[in-house]
Each structure stands twice: as C-alpha cells, then as structure tokens.
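Next, two complexes with chain A in common: one pairs it with chain B, the other with chain C.
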Partner chain A sequence: MKPSKKALAIALPVLLALGACGTGDGGGGETSGTGGGGTGGGEASNELTVWTWDPAFNIYAMQEAEKVYQKDHPDFKLNIVETPWDDLQTKLTTLAQSQSYDELPDIFLMQNNAYQKNVANYPELFTDITGSGINFADFPESVTAYSTVDGKNYGVPFDAGTAIGAYRTDLLEEAGLKIDDFTDIDYAKFIELGKQIKDKTGKPLLSGQAGSSDTIMMMLQSAGASLFDDAGKPTITNNDALLKSIDTYKQMVDAGIFLEVNSWDEYVATIVNGDVAGTINGVWIAGTIQTAKDQSGKWNITNLPKLDGVANATNYSANGGSSWGVSSNANVELAQDFLKSTFAGSKELYDTILPASGAVANWIPAGSSDVYKQPQEFFGGQPVFEKVVEFGTKVPKNNTGAYYYEGRDAVSAAITQIIQGADPAGALEEAQKNVEFAMN
Partner chain B sequence: MPRTKQSNSDLDTDSTKSSIGKARSRRSSLSKGNFTGLGVAQKRSLTGWAFLIPAALLIAIMNFYPMFQAFFLSMKTGKGANLNYAEPLWYNYKRLLDDEIFMMTMRNTFIYLIVQVPIMLFLALILANLLNNKHLRFKAFWRTAIFLPCAVSLVSYSLVFRTLFSTEGFVNDMLRGIGIIDDPINWLGQGSTARIVIIIGLLWRWTGYNMIFYLAALQNIEYSSLEAAKIDGASSTQTFFYVTLPQLKPMILLTAILSTNGTLQLFDESWNLTRGGPAYESMSMSHYLYEVSFQKNPNFGYAAAISYVILILVAILALTQMKVGDKRD
Partner chain C sequence: MTKSIARLPGYIFLTIFAIFSLFPLYFMAVSATNTSKDVLASRLIPGGNLINNFKALTAAQDLGSALWYSALYAVGITVLALIICSIAGYGFEIFHSKGKDFLMSILLLAMMIPFAAIMIPLFQMFAKFSMVNSAWAVILPAISTPFLIMLFRQSSRNFPHEIIEAARIDGLGELSIFTRIYMPTMKATYAAAAVITFMTAWNNFLWPKVILIKNEYQTMPMLVSNLSAGYVTDFGVLMLAVLIASLPAMIVFLALQRSFAEGMTGAIK
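Take a look at the complex of A and B:
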C-alpha cells in the first residue's frame, strides 16, 4: 500500500507536468509529429511535405498532382498538412523569427499579395527556383510578378485571381440590356448603365465590403498602377490612378449602384439572395455564385469596365490568387521536379481539377485544352474558363510591394473617411503618412 | 459521540507523533553528514523550498524569462529576423509616441475601460445582491443563467454579436419593429456605434463572471449585520450602500483590478467582432500588436514595446486602484 501511494504521489505531478508540456506543444508538435518538421533532411527521399489550406480547392489539387507525378515515380509520396492561411503566415513568421528553418515543409502555398512581404523580410525561408527548369514564360507576367523579387522567381503560380465581371442576365434584360453592353466599356458608361438598372429593377449593380479596398485595388491594377513606385516608395498621394479609382468608387456608392455591406458574409448574401445585379471580383467568386442553384443559367461573365482618363487603363485586372513556394528546408531537386511536371507542365492535372474544384489555371498551355472550352450551363452556356484564361493573359502587371498590406489598410481607412465625407486629398495624405511611418 | 471522537483524535496524534519520531530518527541516522548544524526550523524551511522549487522554476522559465527577453526585444529593431539593438535604445518607445494608429488604439482601449468596467461592476453588484435574497425562488437557475455567457467561447459570441448587429440583423429589426428608429443603423460601419457594440458584448460576456465573485463575498457577510440594519430602520438601498458595499470592498478591488487588466489586454472582441474597423476606430492595443507582428511586415521589436506599454499601464492602474481602494492599514 505504502509504496504504491508514494509512487502515485510522484507519478501524478510528473504526469501532469508532462501532460501540460504535451498539450502546450500541440500546435507545433502536430507538424513535427506528422513529419512536417525536418523533412528536408530527415525524411525518405521520395516524400514531400506540403502546407496548404483548402480541402475542396488547393489540397484537392495537390492530391491530384501527387497522382499525376506518381505515374512516372511510383514511390513518390506527398504529406499534405492542412494549414489555414492565417496560421500558415503565423507559422512562417514564427519559424523565421526563431530561425528554426528545419521545421519548414518542402512546399507551402502563399497568397500572392503576401509574397513580396515575406521574401523581403525572410529571404531565408525560400529557395530561389529561377534556375529550376520551370518555364515561367508559360505563366502571365502579371502573375509571376507577385512571386518575383529582384528578377528571381520564388513561386510557381497556382490559382488565378483574374478578375471577372459577372452579371445577372435576367435583371439586365429587365432594364433592356445585354451582357455585350458591359463588355469593353469604361466606368462612365458603367455608372450610366448601373443607374438604368437601378431605375428599372431597384437593385444595385454591385456590392462590396465597406472599408475594404478590394475594388480600388482591382481598379488600380487594371491600369498597371499600384500604391508603390518601382523603388518601393509609397505613392498614395499624387497618384492619378488612385484618385480616379476612389472618385469612381465614391460616385458608384453615391449613385446607389454599389451597395456597401459590413462583412464578407453579407457580401456573399447579396449575391446569393439576388439583391444585386452583378459583381466584380477574382474568378474564384464563381464558386460562390454557383452555390445559388436557383440562379443557374442566369449569369454571364465578361471583362471589367476600365478607368477613364488614366494612362494604360485596360479592361482586365486581378484580385488574390496564390503560388507554391519551395522552402529553404526542402528536398529542392524533388520539389522542383514535382512542381515542374505538375503545376507547370501537366494539362492532365489542370483538366482534372478544373471541373471538380473550379481551380482556373494560370498556366497558359492549359487554356487550350478541351476541358476549358466546355460551355458552362450555370453561366448561360458560356465557355467561362476559356475566357478567364484569355483575360488572364491581358492583366497588366503591377508592383504589389513588400508593404502591400500596410498600403491597402491605410487606403481602406482613407476610403472609409472619404465615403463619410472627408476631403480625398487630406485623407490620402494621412494614409501616405501612416504607410511611411510603418516603413521606417 | 464526543467521547469516541476525542479518543480517535488522541489516537491520531499519538500515531503521528510516533511516525514523526521515527522519521526524525531515520533522517538523523541517514543524513548525518549533510544536514548537521541545521535546526528543525531550518530543515522545515528547506522542505518548504523543495516543494516550491518545481513550480517556481516553471514560472521562471516559462513566464519570467520570456518577459525579460521581450524587454530586450523591445529595444531592438531591424528587418525580419535580423534584429539589432536600436540607436538610441528607447527608439521603439519613442516611435510609439508618433504612431497615430497606436494612439488611436490606446484611446479606444481606454474608452472601453472607462465606460465598460464601472457599468459592468455596478450591474454585477446589483445582480449579486438580488440573487443573495433568501426568499428568491429558482436561485440556482438565475445564477446559472447569468453566469452562462461566461462559458461561451469568445470567438463564437463575437460572431453571434456580429450577426445580431449587422445592418439587416436582429437588433435593427427589433428597434424598427418597436418604432425607435426608421432606418437601420449601420452599427459596425461607424466608429462610435462599433465601439458601443463591443461594449455591449463585453457587458454581456463578463457581468456574470464578476457577479460570481460578489456572490461568494456576500456569503461571508454576517446576515445579522444586515438584519441589524433592517431593525434600525434602514431601507434596502441604504443597507446596500452603507452595510453591504463597505464589506465587499476587498472583492470590488479585486474585480476592478482583474477587469482593468482584462480590458487593457482586450483582443478577441476587437479581432472577431469589428475587425478593428472601420478605419481602426474600434481596434484595441493588443489587436494592433498582433497586426504589427503577424499581419503587416513583422516588426517584433516594436510589438514588444507595445506589450511593455500595456504592462506598464496595467501596473500603474492596478497600483492606483490598490492605493485608492485599500484603506485597511
């Protein structure tokens, strides 16, 4: 009796302490436990670890890529660790900050807009894949530009953020309009048409999150402009394209043809519930639109309106998208060869993942495949994906800048103030000051 | 009964005595070399230390060491992981003074503190008093109902509040239904109303938590003192303010310090409910700290400086509250 009690007295606290350590480790332990850690050096030479986040989208695409690669390399194995983007960014930052590079996976997915920031701050996280044999010319320049720093490539583009204008043809008809009326137009015309639709149907043409600068950023990129100059200095003041974009945005809000809502969910609801006649966003929004089964056949897509009176303005832009990065801890040869033979070289892969997940390729050769030419019933029989690949090649490249998020948020704050009646020049000056402050 | 009890305890003491005696003799025989020269009291305090050391070590390694590191970090600056000591050392702290967004988040946090904490503590006091009524029925039910919000996860309640206060949400529908407003209020779209929503959320979430503290403290108040007040002709309000409140003072002090501490470190509501918006007008200091570390270009030195400012503010406020509140002497 006595010794067992004693043993218990010692064992319990020890167990508790161990338990506490165990749970405390949970977050990090998960990765190292499943082989995410130290994979580059330690693991079998035919296995790659990947961090990516969406089971229905990019995880699925990775699994299909694994199957494609296994045909020539039967021993090959992928270890995919589901990691939401916010967590992935936090993990990368933490690992880089503590210089525990051996915990990195071989490949990770990264938001295009975050690429410049991460490469600028933590170049040690990445492997330069310029000389990997991947033909980066097979991707639109506007897309590879996100993951290119100082002429070096750090990522293989995955999904396209190519922007589309999607409209409800039934509502357009009520106002006596067709999808062609929205093709290759400028914003002046767009606003005019929007008012017409508002009069006839009572519905705004577009909706979006108040205080989000997505729409503005798309307008900017459509003219190849951004918030930073080539040297990376913020150009929020004295930026004609930005002023014009904000002015256009305000006109649309004031005219009631752009409905501002507070959250992403509300934005999605306006589309799905049929409260708006259309939306302008990255092509990935098509997935959301298609959840409204009752609206099948009532949607069409076309290109964007262009800014009037701005140099280099086009009808094409992009929002979002992501690219695969090869980490500094990777089995570099295998990772490069894998990406080269799948996401940068396999029509078969893109043909599989397009219908199942709606992942539109950035890889230009994929667009010539028959799968892309299929008419989409939901979009009134349009060959939507072929169009999107074509749009993608025309998107002007711009400079996201390492301080993209600072710039974007500062401009968001300025827009909020401008919509509430503040003087644009003053609000933008404030934004410029805040970004400059963040940069020094 | 008493007799047996008596004898039992006698037995107990006897057996403990004898076992102590044994232990002593055993130890003295075992550890002649090591413990010679130590008195009983010293040995006892050594045992005490032995018990304290594991926990103290854990705290030192897991809490104090990172805190010191954070302080050194707060004096460093640089890009990414290449941090060096700044010139001058207080560069990050100086930078804080010029940071308009930080100032805004500090203002927001203090608005939450000044408006929300007093209302919450007062409400909690009143609720605790009502629930302490001996004649109240379904007491356990009320207690649970009021405490329950506290068991809800911060994220889920924030998301529910977000939905409730959306432009087409329940709150606007209700206010319109009873005719207080004609047009829906864009609660989360304006700085002032967004802050009000956060304050309402905090009140809902934390009032019950503080009430439990007061209920516990009320159990320690002699019922006879309340009865005596009643007999002397004090009204229930007078009893509350002049008899109950003074006796609750230590607990009020404790909850005030806890709430101040909690509010200054506010993160979840700012992050989940309003996303800090519109235009930083409802962002809390901790939310800004997180943004500086993980969302924007990482600036850990600066973030550490912010965390130290929060620490200093908490310390100053807690000290003042203790000086003002504690008059025991």
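Take a look at the complex of A and C:
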C-alpha cells in the first residue's frame, strides 16, 4: 500500500504536467499554428522579416520602403515585428548565446553606438554586406564608421543622429540675441551668452539628465575624439579633449546655464514646458520639441559650439542614430537588393518619410531634393532638414569602440563625482580602471 | 474617548502613508485623461483627452489582442500552477519518504537562481522542441515554482492529518481525499497562491519577450514597452496603457484580498 501512495504522489504532478504538454498540440494550435517556428529566412522567397521599433518613425519608414520596393516587385512583402531597442538587444544576445540563429529576422535595426560591440562579440549574427552593391560612399564617413568593422560594412545607415543646437528665438530676443549669435561660436562665447540669457529671462540655456554623458560624448565627437584609441584600448586618462569637455560641462552647470534634471522624462518636460531656452541633441529631438504646439514658430536651429583649445575641434557632432543590419539567417540577396533600392537608393522614399515623420536621411543624395529645402513653419521658416543634411556631412568620424557603453557609463560616474567637486584626473583614472576591468 | 485620542498619531501616520502609496495610482489614472504636455506639466486634475488617448493607443497598438494573450497566459499559468504546486506541497507534507526533505532543499536552492541565468538554456530547449513562438513556451516554465510548493507545504502543516486517516478508513481514495477534502479546506491558500501567480504571470515581461517573436502574441507589458521605445513618447497614451495593464491585476487582488491575507498567514477554517 505504501509504495503505491508514494508513487501516486510523484506520478500525479508528472502526469498533469505531461497532460499539459499533450493538450499543447491541440490547444496551442490556434496560437502557434500560423507561426510554425522560424521567422527569418524561413518564409516565402519574396518575404522579409524586420525587427525594429517606433511606429511613428522606423516602422513607418519601413512600411513606406515596402511600398517603394513593391512598385518593381509586386509580390514583395515585409513582415515588421515591433521590438523596442532594449528588447531587440536582449533577443539578439539570447539567440547568439543559444546559437538559435534560425530564429533571427532578415533585417534588424541597431543603434549605431551598439554596432561595434555586437559585431565584435557576436559576428555570427551578421552578414557582411560590403559586396552587396550598396554604395556606402553615399553616406557620410562618420556614419558608416559605426557599422564598419575591419573595413567590412555590416549596416546601412538610416536615421541620422546629427546634432543640432535648437534655441527659443523669443527668449533669445528678450536677451537681445539672435540665432546668428549662436552660429559658429566656441563654448567660451556660448557660456557668456548663456549667462546673458539667464540674467534677462531667468532661464537656463540647456538641460540634461544628471549622470548622463550624452553632452560630453557629443563634445568629444565634435573634435573627432573618443574614449578609445584605434586599437580599441580605453584612453580615458590623459585625454585632452575629454578633460576639456568635462571642464566645459562643469562650467556650464556651475554657472546655472545647464540645468541638470533626474530623468529623461524631466528633460523632455523642461523643453516642452518652456523651462529652458534651448537644447543640444541629435536632430531626432526635433520630434519632441514639436509636441509643444504652442511654441510653433519660436524655435530656430544652428550648429554646435566648438571646444576651445582642442585640436580638430569643429561645430558639428552626432548623438545616436541607427542602421539596418542584415542577419546571418537572411534571404541575403533579397534583403540586400531591398535595402539598396530603398534606404540606399530611393529619393522618393526619403521625400515621403521626411515630412511625415521627420526622419532625416543619412543618404547624401536625398538632401538635394526639394522636400529638404522646404521651410519649416515650426522652426520659424528655416529649411531645417537641408541644414541638418549639410551638418551631417561635416561631422568628424570617431571610434565608438566595442566597449562604448562601458566607457560611457564609467565616464558618467566620473562626471557625477567631478560635478560634486572631485579631482577630474583621479575620477577619470578610476573610470579608466573600471573600463579596463570590464574589458578583461 | 481617551483611547481614540491615543490612536490619533497612528491614524495620521497611516493616512500620510496611504496618500503616499495611493498618489502614483491617482496620478496614473488622471494622466490617462490628459495630453502628453499636461502630463509633463504634472497636471493633477482630470482632463478631457481620454478618448483621444484611447484612439491613439488603439491606432498604434493592437490592444484587444494584447489583453487576450495576457489573459490567456496568466489564467493558463495560474490554473496549472495551482493544480501542480498544491499537489506537490500536499505530497511533501502528508506522505513520508526519506528523501523528501533533501528534495525540498534542492527545490528551495533553485529559488535562488536568477531567471537570467537559466534563460539561455531554456531558450535552447524550447528551440530544440520547435516551441518558440507558442503559448506553451510562455506557460510551461511558470507552472511549477518552488515558492508555491513551499507555500502549499507550509499551509498543509496545519491541515489535520486525522481527517485523512478518517477518510481512508471510510474508504475514500487518495485522489478523492485531495479533491474532496483538502482542496475545499485550503481555499484561502489557493486564493493567496492564485493572486501571487496571476500577478507575476500578468506582469511577466522578459521571458515572453524573448520567446515570443511574432507581434500577434504580444502581451500588455510588451505593448507598454513599445509605447515608450520611440523618439517621441506620448505620456497620456502611455499612462492610459499602463492603467489598462494594471486593472486586471488590481481586480484579481481586490476580489481575493480577504482570502489572500488568510492564506498568507496560514489560517484554516
């Protein structure tokens, strides 16, 4: 009697669990039936699966690209899977580590800053598209550099991260200034103007997330500098451009012309609520600025201030941006031809998506189109997009390195300490050690 | 009279904390009716943008589908987990075996392994069985948890063994003892376990996100994640989605609240 009781106690959960699996074939049929497993190269020969995010931006652009490509290929079909960037990275990492490459899509969008790391760590995820016939010279070198590893191209640049300085002309006017006063200047002048605005309007010129090094990274790239040398070794110590950038940043915070807030949402709020006189960021910030409809006509854009006393300093930089990668599980021929005919070859595509989504092209030929020359009412009638394309061609290229995020996080921590009064050299030395540790 | 005065500081203290914990809920509900700009300006009174937010939400995302799949997974997981873990907990406590305490300690040790550590082997397993992108890939890993087994085992301690002996003498089978005597007696524990499992399953994000590749199967937390992924976030729409995503868990909790408290303290009626 006793053993049978024991057996029952063990067998029941097992049986139930198995029963659950059993009904899975039937009950799960309705949910998994259409799927059948793989999404990537598994489907019909005229279909591509794409992972990307943001229905108003990247997804919309892909849908328009599908329409453009369908004109010559009526049977063509895109299957777009909405996947936010953070989740996309998690999925790629999981698939790479479990070597389940057949679950990969044909094409995925990747943040430019994450490219080097992903190609270095998981080369099996990508297809080398150097020989695809796509003319990479049609994109600014600073942008293709993100997705180029050892001279091989792994991405077609899409969304431009070209940096702009955007300012409230009404507030500038109150301080007796114009947008031209902010064009082609250096940070010494910028801080002087910022103080002037703060005195007259009481508002800081810029805002940003405390503990985020976005501003510093933009300053660095504007001089073609980076946290890594060409061999990929961290160069956080003895880095003049970095020291100068941090010093400039600290001066702005101390002078009250750069308002540090706690979160991204608060940063957005300072702009939309009109608590600051301007912002410096990737051109994609224009979308956020334009949600404040009551500020229409009161904004202008121009280039960035440049670092003073740093070699190769320019008034141009970038923050963010993303590129399309072709996966190792792709219908490579179709995926390459699709990208070549759309994002790397269709003025029509860029002309359509620009006014509707504000997606500024990295593809240089698109900038000559009339659509780009249209004055933008929100920005006081400036031809904003033509300017941005022009800025984009002047951005110095820099080396993001495979450990970009580690470097950036370490420098962010150092900046927080420096703002609180720590010695810059010491804080940066610690950052250097942390990055070296992460790389080992 | 003096007694109630003595209690006053306690009530004030509790009131302050109640406000602290209720305020985020209030702000969420109010923000769902405001425009993005009003949310950013921390407007604290209801606005008239609820319908617009709802239209924008349903235009951008398949809300019905996400709710349906979230409910399917959460209910499936809860029902199966309750059956399996209660049988296991009952078995561990009622039946005698030399190895059971050793087995239980292994189970409890398993509680300490973070999910991120087993995610990749788990994915490999499901990929091998061609079960990626299926409802069962979401449900199966969650139906047996050491915590629930432990909860049922602890509660079974208070379950009078004499009843079982009496039932056996009366000729009731072991399965009937479980279904006809144990289950009705342990209602409170089942309710507590149901609340915990349902809320965990409803809010589960990482594993479904990894294993479900198609858009059609996405759940409410994934939908919320999609809404904040873009360059421009509409905070009114986002808050409405968060509100809709939180309602079912709130309803389940409120409905089973009394039993939940009893179940957690191990009371048997």
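The criterion applied here is as follows: the second predicted complex is superposed on the first by the 399 of 440 C-alpha atoms of A that agree within 3 Å, B and C clash if a C-alpha of one lies under 4 Å from a C-alpha of the other, contacts with A are read in each partner's own complex, and residues count from 1 in each chain.
FYI, contacts are C-beta pairs under 8 Å (C-beta built on N, C-alpha and C of every residue); 3 or more make two chains touch, one makes a residue touch a chain.
If you're wondering where the values come from, they're calculated on a predicted model, not measured in any experiment.
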| item | value |
| --- | --- |
| Partner chain in contact with A:Y122 - chain B first, chain C second, else both or neither | first |
| Which superposed partner A:T90 touches (first chain B, second chain C, both, neither) | both |
| Contacts of A:A56 with chain B and chain C, given as first, second, both or neither | second |
| First, second, both or neither for A:S412, with chain B first and chain C second | first |
| Contacts of A:E260 with chain B and chain C, given as first, second, both or neither | first |
| Chain B or chain C, by number of chain A residues touched | C |
| Touched partner set for A:G309, first chain B, second chain C, both or neither | neither |
| Touched partner set for A:V268, first chain B, second chain C, both or neither | second |
| Shared chain A contacts, counted only where both chain B and chain C touch the same residue | 13, 17, 90, 97, 99, 265 |
| Footprint of chain A on chain C - complex, ascending | 36-37, 40-41, 60, 69, 72, 80, 83-84, 87-88, 90-91, 94-95, 97, 119-121, 123-124, 127, 130-136, 139-140, 143-144, 174-175, 206, 209-210, 213-218, 222, 225-226, 228-235 |
| Complex contact set, residues of chain A against chain C | 5-6, 8-10, 12-13, 16-17, 20-21, 24, 27-28, 31-32, 34-35, 37-39, 53-57, 80-82, 84-87, 90-91, 94-95, 97-100, 103, 265, 268-269, 272-273, 284-285, 287-288, 291-292 |
| Touch list for chain B against partner chain A, complex | 54, 58, 79-81, 98-101, 162-163, 166-168, 186, 188-190, 277-280, 293-298, 300 |
| Chain B contact footprint on chain A (complex, rising order) | 13, 17, 89-90, 93, 96-97, 99, 117, 120-124, 210-211, 260-263, 265-266, 402-403, 405-406, 409, 412-414, 416-417, 420, 433-434, 437-438 |
